[in-house]
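Structures given as C-alpha cells follow.
Next come two complexes built around chain A: one with chain B, the other with chain C.
And then the complex of A and B:
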C-alpha cells in the first residue's frame, strides 16, 4: 500500500503528472474574482470565504480526470485490480494521493489567497480548518466520479456533471464554517456536519468506487 | 396462494415478452384513466373552485405544481428501487425501466420549477429565490441530468445499467444529504408540507392547510399524474425493450450475412 502511495506521489510530482496545476488554477480564479466583482475591500471581505471554497473545489475537480485515466491508458490499472491488494484499498490510496498532491497544497495556499481577498482576521484559522476537514471528502467523492467515467472518451466533462452535484453538501457546510468563522459566529454545528460528511465519505465511498471500477474493468 | 407465490408472480414480468404482453393489455386503461382524472381535476380546479382570498386565481397553478413535484421525487425513488432490483437480480426490464423513467422525472422536475417560478413572480415578487425547497429541486434536476448523461455516454448496455445503478444509489444518499444541508443553509420562503400532512385531511389541524375546496380537485390531479407516470413508464420501457431487440436482430444479421 505504501509502495503504491509513493508511486502515485512520485508520478504526480514528476513531469506530466500535473502537480501544481490545481494550485495555479486556484490562484488564477482568486485573482480573477476582484476583476469581476470590483475592488471594494468590504465586498471582497464578505465573499472571500465562499470564493476561496469554490476555488478550492474547482481546483480539486480539475485534476480528477487524470486520477485514474493515466493508469487506465497504460494498463497498470488492470495490474492493480489483479494484485493481491483489494481494489477498495487501491482506490483509497489513489484518493489519498490525490489529496496530498491537490487538497493539501490548496489548504496551505488558501490563507495566502485570503490576504488577496481581504479575508477578515478571525476567518483565516477557520478557513484552513474547514478546508483541511473538507478536502478529503472532495478527493474521495471525486475518485468515485473518476472511477465511473474511467473508460469513456469524453469523460472529463461528464465527470464534472456527475461530481458537482455530489459536492453540494460538502461545499455548503465547508463554506458555512469559513463564513461563520470570518464573521465571528459559532461554527460548531456546520463543523461537525462537515466532519461527519468527510468521515462517512472516506469510510463508505471507496466500496462504491471499487464496485464501479470492477464493472469498468470487466 | 401464499405470499411467496404472489411475489413470484411479480418476478414473471422480468421476462420481456411477458412484460410487453401485459403492459400492452393494461396501457389503454392507464392512458384513458389518467386523461380522465387529469381533465376532471384540471377543469374542476381551474373553473369550479373559488379564488383564494389572498392569492387570487394564481393559486390554481397548484394543480400542476404539486402533482409534478410529487412525481419528480417519486420517479427518483422508483429509479432507485429498479436500480437495486437490477443490481441484485439482474433483470433487464428493471434496468430499462429506470432508464425509461429518468427523462420523465427530469420533465416533472422542470414543470415543478417552471410553475413555481410563474407562481412566485406575482406572489413572492421574484421568479427565483434561493429557498431550500427550490434549491433542492434544482439539485435534483442536476442529479437527473448527470444520470441521463451517464446512460447516454456508455455504449455497452449492461455496463451502463450497472454504472447508472450505482450512481443512482450513491446519488440518492447525497440528494438526501443536500436536502438537509440546504435546509441548514437557508430557511426560506416556501410553505411547509400542507397537503398530505396528517390532520390536514381530517380537519383537526387547520394551520396552513390546503382547504378542502382545493384539496379534492388537487387529489384528482395527483391521481391523474400518478396514472400518467405509470402509463409513460410502461410505454417507454416497452420502447426500450423493442429498441434493444432491434439492435440484437441487426447484430445477428451482420454476423450471419
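And then the complex of A and C:
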C-alpha cells in the first residue's frame, strides 16, 4: 500500500504528472475575482470565504479525470486488480495521493490568497481548518466519480457533471465555517456537519468506488 | 496444486463466446491456448484472473495464485525500469528484482525511463514483472508480441525455469515456444448463439 502511495506521489512530481496545476488554477481564479467584481474591499471581504472555497473545489476537480484514467489506459489498473491489494485499499490510496498532491497544497495556499481578497483577520484560521477538514471529502468523492467514468471516452466532462452535485454539501458547510469564522460568529454546528460529511465519505465511498471499478473493469 | 476448470462458459460484452470448457493445469506444466482471433482467449484469461465473472462453470485453485500479463504492460513511462519493477515487487510482497532483470537482460537498461524503451524492451520489462510477483500460475496473453528471436528464447527459458520450480503457465500464443505441456484448442468450444440457429433455418 505504501508502495502504491509512493509511486503515485512520484508520478505526480515527475514531468507531466500534473502536480501544481490545481494550485496554479486556484491562484489564477482568486486573482481574477477582484478584477471581475471590482476593488471595493468591503465587498471582497464579504465574498472572500465563499470564493476561496469555490476556487479550491474547482481546483480539486481539475485533476480528477487523470486519477484512474492513466492507470486504466496503460493497463496497470487491470494488473492492480489482480494483485494482492484489495481494490478498496487501491482507491483509498489513490484518493489519499490525490489529496496530498492537490488538496493539501490548496489548504496551505489558501491563507496567502485570503490576503488578496481582503479576508478579515479572524477568518484565516477557520478557512484553513475548514479546508483541512473538507478537502479529503472532495478527493474521496472525486475518486468515486473517477471510478464511475473510468474507461469512457471524454469521461472527464461527465465526471465533472457527476461529481459537482455531490460536492454541494461539503461546499455549503465548508464555506459556512469560513464565513462564520470571518465574521466572528459561532462555527461549531457547520464545522461538525462538515466533519461528519468527510467522515462518512471516507468511511463509505471506498467500498462504492471499488464496487463500480470492478464492474467497469469487466 | 492444480488449476481445474469445469464446464466453463464465458461472455464478452454480454455475448457468450466460449462454453463447455474443461481443463486441468497441474504444477510444472504449461498449457498453450490456441484458437482463431476473437474466439475468446483474452476473455478466458481475464475470467481466470478474476477480472470478470464466468457465466457458469467452476474455477478451482486460482484464488490469489495467478500472475496475469495483459496485452498492455502496465508500465509508467516516467519511472525507470528499476522503479517500475520495484513497485510491482512491493505490491506482491517480494523484494529481489535482480533475477528478473537478469532473466530478461534488462540490467543495462535499469536506469532508463520506461517511456524511452523500444516496444520490445517494454514487453521484456512487462514479462520481467511476472518473475517478481512470486505467484505460481502465470497467465500470459500474447507474450511474444514485438519480441525478437533472442528475446523469445529468453522468455521461453524464463517459463521453463518457472515450470521447473513447480509453477505452471497458461499462455495464449500462436508461436511454438518448445515448452513441456499440451496445446488447448478452444475452437470447438465456441458458444453457439441459440436463437440464431432457428433464425438461419427460416431461410433454408
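Quick notes on this one:
What we mean here is this: the second predicted complex is superposed on the first by the 218 of 218 C-alpha atoms of A that agree within 3 Å, B and C clash if a C-alpha of one lies under 4 Å from a C-alpha of the other, contacts with A are read in each partner's own complex, and residues count from 1 in each chain.
Here is the rule we use: a contact is a pair of C-beta atoms (placed from the backbone, for glycine too) under 8 Å apart; a residue touches a chain by one contact, two chains touch by 3 or more.
All values derive from a computational prediction rather than experimental measurement.
When the two structures are aligned on the shared chain, A:218 is found in touch with chain B and with chain C. When the two complexes are laid over each other on chain A, chain A has residues 218 in contact with both chain B and chain C.
Contacts from chain B toward chain A in the complex involve residues 139, 142-143, 145-146, 149-150, 153-154, 159, 162-163, 166-167, 169-171, 174-175, 177-178, 180-182, 184-185. Against chain B, the residues of chain A that register as touching in their complex are 144, 148-149, 152, 154-155, 158, 161-162, 164-166, 168-169, 172-173, 176, 189-190, 193, 197, 205, 208, 211-212, 215-216, 218.
Residues of chain C touching chain A in their complex: 46, 49-53, 64, 66-79, 83, 86-88, 90-93, 129. On the side of chain A, the complex with chain C involves touching residues 2-4, 7, 10-11, 14-17, 71, 74-76, 78-85, 217-218.
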